Structures are given as structure tokens and as C-alpha cells.
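Below, each structure is written out as C-alpha cells.
Two complexes come next, and they have one chain in common, chain A, joined by chain B in the first and chain C in the second.
And then the complex of A and B:
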């Protein structure tokens, strides 16, 4: 089995985020980037499948940030067999552009399974997995919280709302949007990452960012405004209920 | 007293036939061969270990000094110290005595055939006999003292494991070995005196034998049997004593008695500083310890040196808090594994636990993962070990392997990832590090821009933890008021990596260290002062810096002494907690105490203080790990110790940001928040300064 994992760098929320001058994006000049947390889970799920079936795991990332090399080397150090960087200095790309570039690159590779995070911190809607599946005309399942290799395909657990999950048997090849791996993403020692860097087994391919397609446009971004703080309601249930009714009445909604 | 030399002495094989003598030498040869065989197996095991250069003239002399004075045995336990001193010197003198006879009889008379050169007679014999009896009496008294102590079952000699339930393991072999060893020593001593008494009675009390005080006494008791019966008793006892002695020689390398040999060498090769500056990764392609040949030969030898005295077991904060770690058991498990792997036969049958024998990995196999993560690296075990076993570096080497395998405790993994990103374990941006300075009404010099005398390496907890940051501001005000030229590295500073290194993440430590060295090398300063004892240790012992690194209490002590900081007086009693990394690691015990006394507070010591201080439980990366499974957290145990000092001890004084965090929690969880105030020394000084006007006015 060949598994391809799509890895996306996202702005590091540890840093203080600022808006660009035109107010439609983050000020990306001084941003640090880290691997999208959901993609880290996708990678972990792929590595667990590798542990179980001996699958070959390749990782793919677009050259949208300086940290991409580090992200790919870390994946290699964790146990990925191949790493490929698509393009360089591509700048920020929307979901559609990302999916197009990934799908173009993966078409010839014909992986049995494509895994990526169900969403990323910097996209509007979790669409990359869907769009890649659509471009390659493959079945897909979103919000996956576990996989199990079975004869002739893969069994996946999809999470619904309210604690409901559903199990699907999916024919391969397929695309999965991973919500969470079965286990927490593994730790990889810094020395192993450094070793991977020294080995330098990073494939690089030239790609060109597609023209922005018509779609959703950002009109304005804003920093969330701080509220005035919470009011703690004291007393037993009855007193609390009365207090809440009073607050609602004052607010004119009851 | 003067006797003719020819008349004074004794015959070794008095009344023996040639066959008997031949039989004795045959058995002696067998015993020595058995000893050498076992010795060879041990040496071969050490030979499988990694080569490290530890033997110098200085280390040999230092080891001999400790062996001769027995001070490491006596430390903290005078009763055992005296008893073991008597046994040790008794054994040495008796061994020398036997060797003298062997030289006089076997070498000079039999091998060289020069009876005229024999010297074991005359005045020499008299002095010899007196020394043998006096030291022999001491030997027997010492053995009896130790046997008596063992009968009283002291807690530290309880061999129950902390990580396995009763019945899941078998340590009866250890207890048997103890009894056989002690019993053999006692038997050898007592049978020797009986033999001497029977002989003196059999040869009708030659007056010069009065110096053989114990033998003479025995002889006067058995004299009534008559010379013939005494001579028969002598012959029988000679064989019993002789065979026991030969048996003992053969038994040494297969038993606890091997510590007689191993401990002398262990004390010569041990490195007391190996936890302060950890050994580098031996094989960068495979960090940490994997199998028997990963261990340094000194580590394998030190494992054999363990006598199961249980001192480390008793002082270990992880063990005390119910964690599955006992330094004693860790060493014994490693020894059982090493012996099983190196095919060392042990007569008493305490080999490796079956689970350990089949383990393919030492880290996580022979020694459980939870056991390895439980260590706080407080170094209390190494400080009390009488034979120089280096538990902490071995544990770190095993942790390095776990980290390389990705087998990392979840809390620790989170901390490592945060440290890799922002250089702090709080998951904060590096830019937020100097945020605590905003609460000051003066600006702190940026050492990257201006030269200063003291570069203040603030540390993670002191910068980011809200409670510790308050103390940090206090320290800043004190230094500012005292007119000290100091500055900080602002957002360039990263965690110094002390605990990252001790958690086994060597690569991350190197990243942090190299980053810090980069900005430190560009800054201009004469000395480094740090608030964090953990940073203090690694900056002083592990960073390639050629400047002095001191603790803030040392600087404050100097400022108070010089009068740069004037203090008023506080009333009341305080106790002080020695941080592991300031005390045992950097050996600064007095500066904080001087400061407390300088405030006018009366210092009341806890039982476990100075080098015997009890860890708060935060070191070695433990502060990042989950401690909800512990029966009693070490910090809570410590708070109860302080509370037991009495109602009038109001202040629990700390000198470490991590202590501030740990003990602020522990006074709450133990319910002693109203009884005891956790306060940093700097805060005490600030309060004492506030009373200056009142005292003067």
C-alpha cells in the first residue's frame, strides 16, 4: 500500500498575530509557521498504518513557508519513507489552489490512500481533502478518527455530532480527512530530525501557483474584541434560575 | 619482655601428617581457582562495558582515603560506621596476618627453602599475635553489631519492591546471601579464637601467648579438659576454621562478599561530578543505553559494588511519593540483567527477574518506562551512596534511549515541543519572555546593547510563571536599589536546557544551549547571575563559558555584607528549603542562610537539610509531567516536615522559582496555607528593607 500525506504549514498561534494593512489577511511578514495540527494527526495515522501493514508513506507539502523543509524532515525522522516539496516561495494559497497543486502532483503517483487533516487553522472551511478527492475523482471520507486495514480496502471511523460515530468500509484508492489519529502524534527526538536534515532526502518539484479562481473572497478580518468579562451567578439552582430570567428580561429577550 | 626468638612462635602445621598438609594445599588451590574463576567472569563482564578513562593517581588516592577512613559508610549512620570500621580493619589485619604466615611458611620455608630467613617469631610474633587478637576482637564485635542491627529489621533493609506486588518477585536469595555472608564472617572470627584457645591450652600456656588475649581467655576456660583433649579440639577446629576460610575465598566473587573487592575499586573510579556535568552521548547514531555493552565499565562495576544498604531507597523522593522508582532496585535490576547477560553464576539464585532476562531493551524493558520518568534527578541517592554509585547519569542515559525511541511521557512531549518552538516550556512566544519587566518603574539594561557587570540569566519559571515572576520583579528592584550594574537578554534568552538534558533530550538541549551561547557571546559582561538553580547548574557545569556563574542569593549575600543593601529587622522563625540544584549540585548552602539570619529571622532547620535536603519533586523534567498518580507528592511531604517544626515557624523560605511554584501549591493541598507562608528570600529582604526606617527612627 502507498499512502500519501499532505502536510500544510499554518501560522504559529503562539506568536502575536497582526493584520495586514488592507485588513484582509494576517501580516505574514513576521509570522512563524508550524505544521497544521490535524495534518500531524494524519501523518500519525499513516505511520500507524505503516507499522501495521508495511505501507510506504510519502509526505507532500507546498512551498508556502520557510518552515516547510523542517516540517518534511521531521516527518522523515518520524518514519515517512519519502518527502516531496512542491514549489518554493509560493506565498499564501487558498484551499482550491492548494488542492489543485496537490492533485496535479499526486495524479501520476497513484497512491492507494491520501490522508490530510480535516481542516487547517488558516482555511475558511475544511475543503482541501474534498477538493483533492474531487480533482482525482476518488471517494473520500471526512472527520475520520481512526482507520483499520481490511481485505480489499480500509475501514474508517467517521465522527458525527453528539458523540455518534459511523464505520465505513472504503474501497481504495481514497482520500481521508483526518480529525484525530488513534494515538497522539509521536515524539521525534531533535537528533533524529537533525540526522534526516543531514541526509537531505528531500525531493523538490517545480510548480506554479494557479491563478486565483473565483470563489469566496475575504472582505475584512478583525481581531476578536474582548468582552467585559463574565458575571458569576451565586446561589442554588432556583436562585440562579431567577437571576438568569432577570438578566434575560433586562436584555429584552424575555 | 624478652624471649629467645627460637622459643617464641608457633608451628603452622603442628601435628599434621604429610597427607593432611597435602590435602590442605590441594583444597586451598581449589578455593583460589574458584575465586579466580569468578573474578575472571566479573572482569570479563566489566570488559564488555564501554571504555572510559577514570583512573588517575588522584582518584586512586581519594578512593583509598575513603576506604581507609570508612567515612562514606559512617556518613549519616554512626552505628553502622563504627561497626563496619571494626569489621573492615579487622578483616584487613587478619588478611595481612594470614598473608604473613603464607610468606613465612610457604614462600620462605617451602618454596625458597631458606628456614633461616623466617621472621614470624620472637618479638615480631608477639606484636603480631597482639594485633591479630585485638583486631580480631574488633572484627567479631563489629559483625555482632551488624547482625544485631539486622535482627531489628531497619526499614532501609526492607527489600520489598516498589513497582511489583508481593509474590510477583522473589528476593529470598538476597536475604539468604546477607545471612550467609554475615554468618561466615562471624564463624571465621569465633572459630579462630577457639582454635587459638585450644592450641594455647594444648601447649600448656607459654607465657608470651598472654598477648593473644582472646585465645588465652578461651584456653583458661578449656584448660580443665587437659592437654590431650585440647589438642584434639585444636586439630578439629583447625580443619573447620581452615575449610570455612577456604570456602569463604571461593564464595567471594559469586556473592555479596564481592563488595570487598568491588567497593575499593568503585571508590577509586567513581566520579562525584558526573550528574553535575552529564556525560555526552557516546554513540550519536544511537543515543542512550540499549544493551549491556552501552554501559561504561565503571557503571557495571559500581552495580556490583552495591551492598543493598538501602540509603538511596530511603532518601529517594520518587520512592517516598509512591512512584515506581527505587534507586536501589534500579541498580539491582541492572545488575541482575548484566549478570544474566554476561553468564555470571550466582550461588544464591537471585538472578534476573524472568521478565528482565528476556527483555530486548534495557530502557522500557529491564527498567520500566514509568520508573525512568519518575526520577527527579535530585542526586540525593548519589550523595548518600557509600560506594560511589552514579544513579543519575545512568538514568539519564536510559532516558536518552526512550527519547530516541519516541517513548516520551505526554506532558514531557508537550514541554519538549514548546521548548523547540519558543524556547520555553510554557508554550509562549519568545517575545513574551521579558513581559515581567513591565511591572517595574525602571528599565533593565539590554545586555545585547550595553555592557554590564552582571548578566542576569532569568530562567523560564522566573520569567513566565506569575508567582515566580513576582519574585523576579523583587530581585530586580533589590539589584537596582543596590546600584548593581546588571542587564538581561530580553527575548534572546531561552531555557538553559538543564532539565531538558536530564529528561534525555540531548538534541534539544544542544539547540537551546547553542542559541544561548550565540547571544551570550555577543553580550559584554563580567559575571552571570541567575535566579534559577537549574540554569545555574548547566551554565556553570555544562556550558563552555569561561565566566563565573553565581546564584542570586550569593550576589544578594555579598550586597548585604558590603552594606549596599541595608536591612531592617523581621520578627519570627523561618525554615529554609535547600534546592537540590543549589545545594547538592552547586554546593551553596550558606548564602541563603546568611540572608535569612540577616533579616533578623530565627532559622530553624528541618531534619533533612543541606546535602540531605529533600527534593520538591520538580527536577529532571518532572515539573512537566503528570504527578496525579502519586500517593503523596514530595512537596507535600516536605511541607508536613516543615509544619512539624512547630507552630511558631511561620516562613517556609525558598530560593528557586520552581520551589515557589511547587510549595505554593503544596501548602494549599495540605491545608497549611494559614500556618506556613511560602516566601522567596528576595521577598524577605524586601520586607526587611521596608522596616529600615522604623528601625533607625
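And then the complex of A and C:
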């Protein structure tokens, strides 16, 4: 089985976000990027399948941020067999453009399974997993929390809500949007990543970013006012504890 | 093209979901601005039996097809796309849920319509526009649709479900869209969650730990606090995905919806998928080191600071 995992860098959620001067995008000049957390789960699920079946795992990322090389080398260090970077300095791309580039690259590769995260924080115009499936005319299942290879395909568990799940048997090739891997994503030592970097087995391919599809235009971005509507408690932890105990009392629970 | 709004409804085991009615309520508002009607699509095996539940719509389009057993990630988007082609609505509303995630993008791709995701509001008075929550709730974006038709994937809470339950003609129309279904995805059945040791939906007090709790060992302190308050510990998704607490303790979109008297959130950022499950709690207190954390947008009270500094202080006071 050949598994391709699509990895997307997203602005680091622990960093403070700032807006560009015209207020229609993030100020990306000093923004740090990290791997989209759901893509990390997609990679983990692929590596679990590799452990179980000996599948070949390739990882793919678009050159939309400086951190992409690091993300791909980390995946190699974790156990991916191949890593491929598509384009360089592409700038921020919407999910439709990302899906187009991924679908173009994967068409010839013909993987049996394409995995990526269920969503990414910057996905304004659609689910990359489903858009890639649509472009390649493959079946898709979103919000997957587990897979099991079976004769003639793969069994997947899709999460609905309230803890309800549904099981599906999916014919291959197929695209899955992974919500959570069966196990928490594995860690890898920095030294292993550095080693992968030194080995330098990064394939690079030229791609050209498609013209942004007309349709949806951001007219304004805002950082919602923190604590809008909330009463913010001032002071140190002792003052905060006093205030919170008072709130608990008023709510009748302390 | 019509001036109508088409709402793609969803249902599980014969029961329409709450968000379906929220979108009908939103659809009624949009249809009033567009001078059109609200049509809803109810698709699935046994869909006809649910048609009378949609009195909030003007027209209920029923696709009752035995091949659409449960939710079909391959069939449902195809049926929705065929109905959009046949009815030509101006606006299509899809719930941004587990099902909607399989439907919205494929529907947009098949019908070549623009799609806007993560919508918390949609407007139609002056061209089509929406407000979207991006970056896990840290950024709000106002977007405009450049053409005059679009698909919107809408988060829960955009309009009150009660407003979508009645008020329309509810005329039922059976449609035969005759789509061909390749049958590459086969439903094998649903699994209900196992009952947990603690029912977090029945608690007056929830001490809720997010990724800020950092390790499984640190949960003990939160347990102690919850116990002292006569409540229980609940968690955000990453804490459950790490295996630190059972799934039955998860609050949010794919977990449980809770409405305790007090919701004390420790190191929870307040992503939309989490907020969905807790925003109706009577008193929400949030503790977070990041003053920008979206949780402060839904909290009634907030403190910017380190949970590990606060919890011992709280314990000391509550236990004495």
C-alpha cells in the first residue's frame, strides 16, 4: 500500500497574531509556522498503518512557509519513507489552490490512500481533503478517528457528535480527513530530525500557484476584543482566587 | 436562478439535528432579504418519514433513497449537488459539522459555486456576505461573495433553532434526482458511546482542563479542586486525544454539550468546536495565560495568568 500524507504549515497558534496594514490578512512577515495539528495526527495514522502493513509513507507539503523543510524532515525522522516539497516561496494559498496543487502532484503518483488533517485553521474556502478527492474523483471520509486495513479496502471510523461514531468500508484509492489518530502523535528527538536534515532526502518539485479563484473576498479581518463581555479579574493569583471564590459563592456552589 | 435559500439538513437515526433548524432560521432571514423562499433538502433512507418535522421551511424536498443508509459521505454530497442543479438556489446553507464537512466542499466543487466555511453569520441584504471564525476563533473575517450565488458552511449557534421549527408552508415535494452512486463507501453502522464513570452533563460544577494542563499528572490537582466544589473534571479534545481522560469527559462539537452552573476553564483556548459544547453554561470563568485567547470572548469572568499558580490558591480557600 502507498500512503501519501499532506502536511500543511499553519501560523503557530501560541503566537500573538497581528493584522496586515490593510486589515484583510494576517501580518505574515514575522509569523512563525508549525505543522497543522490535525495533519500531525494524519501522519501518525499513516505511520501506524506502516507499522502494521509495511505500507510506504510519503509526505507532501507546499512551499508556503520557511518552516516547511523542517516539517518534512521531522516527518522523515518519525518514519516517513519519502518527502516531497512542492514549490518554494508560494506565499499563503487558499485551500482550493492548495488542493489543486496537491491533486496535480499526486495524480501520477497514484497512492492508495491520501491522508490529511480534518481541517486547518486558515481553511476559508473548503476542506482540502474533500477538494483533493473531488479533483481526483476519489471517495472521501472526513473526521476519521481510526483506520483498519481490510481485504479490498480500508475500514474507517468517522466521528459524528456526542461520542457517536460510524464505521465505513471504503474502496481504495481514497482520501481521508483525519481528526485524531488511534494513538497520540509520536515524538521524535531533535537529534533524529537533525540527522534527517543532514541526509537531505528532500525531493523538490516546481509548481506554479494557480490564480486565486474568484468568488470570495476578505474585506476585513478583526482580532476579537479579548474579554469583550467578560469581566476581567485584575491582580495576582491570590486576588484572582479571592474573586473566583466570591463568584462561586454567588453562583451557589461554594 | 431562483431567489431561494436551500438548507441541507442532516439527521442521525431518524432525528433531524438541532443545527438543521438553526440553519432554517438563518435561511428564513436570508430569504426575506432576497425576496425568495426557504427550501430544505432531507435526504436519506427513510427521509420521507421526517418531512413533517420541517414546518419552518416553505418547501421540503425529500430524497428517500435506500442506498443512502445512515450518512453516506459519497452519496449525500452527490444528491445535494444534483438538487442544487435542479433548484438553482441563490444561497445554499450546509451545517459545518462532521456530515457537512463531507458535503460542503464536494457540493461546491460539483456545482462550481464559491464556498465560505466557518461562518458564524451570513447576510444577504446587500450582496452575499458572511462573518467567519478563523485560526481557531482568534480571528474574525468579514467576507464578500463576488458573484450572486454561494454555498456557506455554517457553525452551530448562528440563529436560534426555535425560529426554524415553524412558520413556513412545509409543502412536501418528493424529488427523484437519479444520481449514480458508485458505492465506494459502505456504511457499516453506528456505535453509541459507552457510559462513563461520571456524567459531565449532570454536574453543577465543571473544572475543565485544556492543553494548558500540560501533562496527565497535573490533572490530579484539577480533580481535587472539582471534588472540593462537588463537581467533576471535564476536558477539551486534545486532553482526551492524548489519552489523559476518557472520551466521556470531552466537551464540544464531537463531545458532549454541557450547561453547568459553573464552568471553570483552565488552559482552554476556546476554539469554536469547544465553545459549541459549553457556551450556555450559566457562569463561565476562564483562566488563560494568553490575553488574546478566544475563551475570554464567551466567558463571564476571566483572569489572565498561570493556572498552576491559581489552582493551589483556589484549593486552599475552597477546602477551608
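Basically, the second predicted complex is superposed on the first by the 225 of 254 C-alpha atoms of A that agree within 3 Å, B and C clash if a C-alpha of one lies under 4 Å from a C-alpha of the other, contacts with A are read in each partner's own complex, and residues count from 1 in each chain.
We take it that contacts are C-beta pairs under 8 Å (C-beta built on N, C-alpha and C of every residue); 3 or more make two chains touch, one makes a residue touch a chain.
For clarity, every value in this text was computed on a predicted model and none was experimentally measured.
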Would you check which partner chain A:16 touches, where first means chain B only, second means chain C only, and both and neither mean what they say? both
Which of chain B and chain C A:194 touches, first, second, both or neither: first
On chain A, which partner's contacts cover more residues, chain B's or chain C's? C
Look at A:127 in the shared chain and tell me whether it touches chain B only, chain C only, both, or neither; answer first, second, both or neither. second
Just checking: does A:184 make contact with chain B only, chain C only, both, or neither of them? Give me first, second, both or neither. both
Classify the contacts of A:34 with the two partner chains as first (chain B alone), second (chain C alone), both, or neither. first
Does the superposition put A:240 against chain B (first), chain C (second), both, or neither? second
Could you say whether A:67 touches chain B, chain C, both of them, or neither, answering first, second, both or neither? neither
Looking at A:155 after the superposition, I want to know if it touches chain B, chain C, both of them or none. Which is it: first, second, both, neither? second
Chain B and chain C contact sites that coincide on chain A, given as residue numbers: 14, 16, 184
The answer for chain C against chain A in the complex is residues 12, 17, 70-71, 73-74, 97-99, 101-102, 104-106, 108-110, 114-118, 129, 132, 134-147, 150, 182, 184-193, 204-205, 229-231, 237-238, 241-243, 247-248, 250, 253-257, 261-262, 264, 269, 282-283, 285-287, 290-294, 296-306, 309-310, 313-314, 316-318
Of all residues in chain B, which touch chain A in the complex? 281, 284-285, 287, 403-404, 406, 408, 410, 413, 416-417, 420-422, 427-429, 431, 505-508, 510-511
Residue ranges of chain A in contact with chain B within the complex: 12, 14-16, 32, 34, 78, 184, 186-195
Residue set of chain A touching chain C in the complex reads 11, 13-14, 16-17, 26, 37, 41, 118-119, 121-127, 130-131, 133-135, 139-143, 155, 157-171, 174, 177, 179-180, 183-184, 213-233, 236-238, 240-245, 247-248, 251-254
